[in-house]
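Here chain A shows up in two complexes: once beside chain B, once beside chain C.
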Partner chain A sequence: MKYALTRLAQAVVILIVVTFLTFWMQTLLPGNPCIVATGGLTSDELVAKCEVDLKVGENVFVRYADWGTNFISGDLGESYVNGRTVWDDLKQRFPPTGFLFLYSQVVALGVAVPGGIWAAYMAGRKAKRNIPTWLPFAIVGGIVAVSIALGTSVFTLILLAIFATVVIQTLRGGAAQDQLVSASAFFLLSVPVVVLAIVGQWLFAIRWNLYDLSGYTPPSEGLFDHVKSLWLPSVVIGLSLSPVYLRLLRADMIQNLQQDFVNVAKAKGMPPSTILLRHVLRPSTLTLLTVAGLNVAQLVNGAVIVEVLYDVDGMGSYLVSKFLGREFIVVQTLVALIATIFVLANLAVDLFYGVVDPRVRVERSKG
Partner chain B sequence: MTDAPPLTESDDAPSDQPLLRVEDLRVTFDSPRGMVRAINGVDFTLEQGKTLAIVGESGSGKSVTARTIMNLLPSTATIEGTIGFDDLDLRNVSKARAKHLMGVDIAMVFQDPMTSLNPVKRIGAQLTESMRYHLGMSRADATERAIELLGKVGIPSPAQRIRQYPHELSGGMRQRVVIAIALACEPRLLIADEPTTALDVTVQKHILDLLGDLQAEEGMSMILITHDLGVAAGRADEIAVMYAGRIVERTSATQLFAESRHPYTDALLRSIPQVSQPSHTRLTPIPGRPPDLINLPDACAYAPRCRFAQADCLESVPPVQGVAGMHEFACFFPANTDRGREALASNVAAGTTAAGLEIEGYVSGGVS
Partner chain C sequence: MTAISRSDGTTGAGDHLVIPDGGVPAGPKRRKGELGYRLAVGWLVLVIFVCFFGDWLWFVKDPGTLNASSGIKSGPSGDHWMGTDALTRDMFARVVSGGRESLMIGGIATAIGMVVGGLLGLVAGYFRGWVDSLISAATTIIFAVPALVLVLFVAALRANSGGQSRTSLIGALSILAIPPITRIVRASSLQWSEREFVQAARVIGAKNGRILFRTVLPNVVPALVSFAFLALGITIVVEAGLAAIGGSIPEDTWGKIINEGRGTLDLQNAPHIAMAPSLVLFLTVLALNWVGDSLVRKLDIREALL
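Moving on, here comes the complex of A and B:
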């Protein structure tokens, strides 16, 4: 408890420092922020109102204090271009990004956790069957040759080749399964998310017509329609995140599977599922948790590319439009929000370490 | 007892064969450098209720023997030979029987108590786990028995301990917990792999005494693996000395200390400090190093370090001789025999053994 309070105090200090530094750096930019932000398109009186609101010309500390008090009291400022308050924009922009983040994390973990456990379990095992290395290449090569001769589409060809590889590696068993999972993870890791997004769009929205590119539907308009409007971008973001999670979990699991306590559990006669899920999984999730905590920044940043491609009006496109419009006053508020969420999420992760590994609590009470 | 397989018939009608029978066990590991021959033909038997100590230095194959019996070897290992337990062939057990075999009939205590408990699980959970899985006990029953077991292995206030995590206990206490875990399902065979090596000397004695008491109480058989002949003394019925993956001498503990046959055993005995010796007596170290298990010679593996070594020792692997089941040893020129004394005398006279080891005056014979 004392630890949590200390960490919370630290978090507050970090937030003040971060927001002040960004605030101060903005004042270094040349020109009157009110004129820059509106691009000279609005009336003089609006600029004058803006200058009063922002206390332009005053000492930077006074201005920061003013902005800070407003921020804490919930007044996030307004855009002088269209007169909408940032709060109104957030109410509209945050839910799509929030749901997209939630679902994509579910997809990423749903792929990475079973995949990582499976790969780690198989990594140390002997192959079930001895299939010579050249055989899969020969079979895949044969499929390619036959497909070209028959004139099948490249798409069918790729699917066939993937299918053949999966079957062969599965027949091999043991470490070959790990190789299959790890290679797939590397493949996903090396494909940029924009490619995944476009290919996904083409496959599911155009070729198979399984997804409507109609933008975001809030849950209030029906849960089914809501999920239907977000599933494809969630899968795309989830798949692009999953290889990172998978590799981290796999590495930690492999390391922990070599611990003595695993041998003790085997000597106790525990089945592999119990050993993997009850003994090894929990101490292997620390790195995964850390990285998942860092990804929380996406709640405010948004997944810009996917949001734009899938027509989801979320935080990503909002942030970009404000940047392009040079509305640094709004950007400042958004930076503060990012920092707040980031610091809080990582505070939560730090506290969660103690839940996952009781030894961490001892270290803390000593320190 | 939901899906426990039927108990073997030997439970009602005790068979007259020994509980554990290891025959011509060979284990090799694939390594980048080549085939590591960890175990090269190990034979032994263990009667119900008896203790066998397996003694040897690092790399002699004693831990690999234990892990082979427990089926804990990595997949790079190739195993040959048979391991009979009760009326089972341990290397070909049906899946249904194997499910409730390890941890129930055979249990193991590991070397390092600091790493053999799961750091993120409470002592209670680790103790009750196997009872609930193998014996189908309810959580409450298993917890009650866990408390009883912790009391039995000498842990004070056991009811509080089951709520604690391993890092809250000392090394000696943790090893007691590991022993309690091994005893949870009342095994008939307990394998203790260097159970005291990682502990303080004072704690060592407590743990060994505890193991001895529990063994007598439960009537179980025990394999005590150690690199310390002193630990085996007085606690084992029988002692097997291992060298380079073979048992080079196997006999009753009293016989071994009175009249060792293998020069390696003889040398080990000379390297133990004796209370009866005057203070500052120099111990006799064993010269050289253990052999490389990848390039084992087609000869006695101990010959390069042996003061008795003759030309014969470098030509072929000495077969096991002596009285079968009573005192077996694998040596052409056994210590404490005329043949051995002659061999040593000629080596001393020449100043070197057939393997080229330089020796000074050295008196053959057991330690009195």
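Moving on, here comes the complex of A and C:
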């Protein structure tokens, strides 16, 4: 309990400092913020209203306190370009981003958990078949030569080469499969979200026509259409998140596999799948949770880019449109909001440890 | 703080994340790892050389010249290795000059991050106490804002008058690079400051500055350098992301060229405009990660990695 309170206090301090700094930076802009922030695109009435709302001319602490109380009470200000309140916009913009976050986490964990378990289980095992090192190179080289002779596209060629590598590594078995999974994770980790999104768009929306770039459909208009409107952006964000989970899960599970309780379980004849899921995966969920909390930042980055690229009317594209429109007052409020969500998510993860892991509860009650 | 001790003494969760390398070497075998490492270094040297000396290389055309005879948005050919763009300019030349901009922005931001973050981390790890608390608190606060949003916000404020400028972008990116480098260096500095030779230096009456720069700093440099490769990759990717959503500088960067070719029609009829810079960007980031990762493994650095 004492621990929870300390963490809560810390989170509150961080939030106050972050929001104050962003607010203060925004007020440092020269000129009347009401005119600067809207680029003179607005009517005199709105500027006058804005000046009253923002208490222009007062000192920064007074203005921050005013902004802060409004922020906490849910009044996020309004856009002085069109007079709409930020809250109204957000209510409309939140569902797509919320679903995007949810689905991409599902995709990321769906890829990373089986992959990580498999890699950890296979790591350090002996290969089943002894395939010499030169053979895969020869086969891939052969495929390349034949494709060039047949005049297939570079793209098909790459796919074939990847397929051949997967087959060979699978045939090898044992540690080779761990290498395959780890190397794929490493490659995936190095693909920038922008590149992944562009390639996804090119392949699935244009070459194969499996995704419509028509924007978001709410679930109320049919679940199928809803999933259809979000699957590609979710897969893109999910894939970009998954290697982070996978690598940590693999490392953590390899450590757990060396524990005595795993030997005991083996000795009493427990099947490997039960050992993996019940005795090895369960302690690793803690690590997974921490990363999930930290990954919210990655999720936001991905969402901003993917929403703009795929024309999803979510919070990310809202932020970008306000940024491009130079409405700094709104941008600052949104940054504060995102930071709040991020800090609270990490706080929740931290407090949740105790629930998941009894060892943590004991340690915390001691210290 | 929230670190939980495992039975084998490693920390599992909380402040510090363990590098994904739990006893068993990850990835390819040693010999193959060497090959990949050399390929990665080779690619980086090639990209840096061609990007920065492109003006003097015979095979790099002028990125501004129009080649009306080659046609608009024509695909890759012997004459134009990466095709041409909407104005019939040579794509390869544009990718080269865009790369110069991308690498320079990322490189300067990372360098600022290394100097500032390195000094902060060094001081925090050596002096501990309130200095450490203050610096750690500052990094935690910057970490509370997701990277792209932070850069977007800082760059937007700095660029308020007129268009986005290179300086404001570099400033924003370096704010992004400083906190993770500070953390890495702090962890390393904490360890080294405990060693006997540092205490010996203190005993013989060396001043703090001398101890820091002559005994602690040289030992912290490996961690700093290997992380710098990863940080350079991150800054380049963030800049590309920013450019792809239209928030970067008016000059060509890899991200900006991708943004230019990402329209549905262009992707359908002239995918090379977006794909060429995407591929180069991916390979460069892959090489940077590979080199950074190999160095981390070779030098056996096991500190916080975010």
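Note that the second predicted complex is superposed on the first by the 354 of 367 C-alpha atoms of A that agree within 3 Å, B and C clash if a C-alpha of one lies under 4 Å from a C-alpha of the other, contacts with A are read in each partner's own complex, and residues count from 1 in each chain.
The rule we apply is simple: a residue touches a chain if its C-beta (ideal position, glycine included) is under 8 Å from a C-beta of that chain, and two chains touch if they have at least 3 such contacts.
Model, not experiment: these values are computed from the prediction.
J.: With both complexes superposed on chain A, which partner does A:Gly124 reach: first (chain B), second (chain C), both or neither?
T.: In the superposed model, A:Gly124 contacts both chain B and chain C.
J.: Does the superposition put A:Leu223 against chain B (first), chain C (second), both, or neither?
T.: neither
J.: Which of the two, chain B or chain C, is in touch with more residues of chain A?
T.: C
J.: Where does A:Thr22 make contact in the superposed view: on chain B (first), on chain C (second), on both, or on neither?
T.: A:Thr22 contacts chain C only, not chain B.
J.: Report for A:Val335: first if it touches chain B alone, second if chain C alone, otherwise both or neither.
T.: A:Val335: touches chain C, not chain B.
J.: Now for A:Arg247: first (chain B), second (chain C), both, or neither, which partner does it touch?
T.: In the superposed model, A:Arg247 contacts chain C only, not chain B.
J.: Pick one for A:Val106: touches chain B only (first), chain C only (second), both, or neither.
T.: In the superposition, A:Val106 touches no partner, neither chain B nor chain C.
J.: Quick one: classify A:Ala138 as touching chain B (first), chain C (second), both or neither.
T.: Touch partners of A:Ala138: none, neither chain B nor chain C.
J.: Touching A:Arg359 in the superposition: chain B (first), chain C (second), both, neither?
T.: After superposition on chain A, A:Arg359 lies in contact with both partners, chain B and chain C.
J.: With the two structures laid over each other on chain A, which partner does A:Ala265 touch: chain B (first), chain C (second), both, or neither?
T.: first
J.: Considering each complex separately, which residues of chain A are in contact with chain B in the first and with chain C in the second?
T.: Touching chain B in the first complex and chain C in the second, residues 124, 259, 357, 359 of chain A appear in both lists.
J.: Given the complex with chain A, which residues does chain C contribute to the contact?
T.: Those residues of chain C that touch chain A are 2, 4, 6-8, 10, 12-14, 17-24, 26-29, 140-141, 143-150, 152-154, 156-157, 160, 233, 237-238, 240-241, 244-247, 255, 258, 262, 264, 267-268, 271, 274-275, 278, 281-282, 285-286, 289-290, 293, 306.
J.: Considering only the defined contacts, which chain B positions touch chain A in the complex?
T.: Against chain A, chain B makes touches at 70, 72, 74-76, 99-104, 107-108, 110, 112, 115-121, 129-130, 133-134, 165, 167-168, 178, 181-182, 184.
J.: Sort out for me which residues of chain A touch chain C in the complex.
T.: Listed in rising order, the residues are 14-15, 17-18, 21-22, 25-26, 28-30, 36, 123-124, 178-179, 182-183, 186-187, 189-195, 198-199, 201-202, 205-206, 213, 247-248, 250-255, 258-259, 286-287, 289-291, 294, 296-298, 300-301, 304-305, 308-309, 319-320, 323-324, 326, 328, 331-332, 335, 338-339, 342-343, 350, 353, 357, 359-360, 363.
J.: Name, in rising order, each residue of chain A that touches chain B in their complex.
T.: 124-126, 174, 259-261, 263-271, 274, 278-279, 282-283, 356-359, 362
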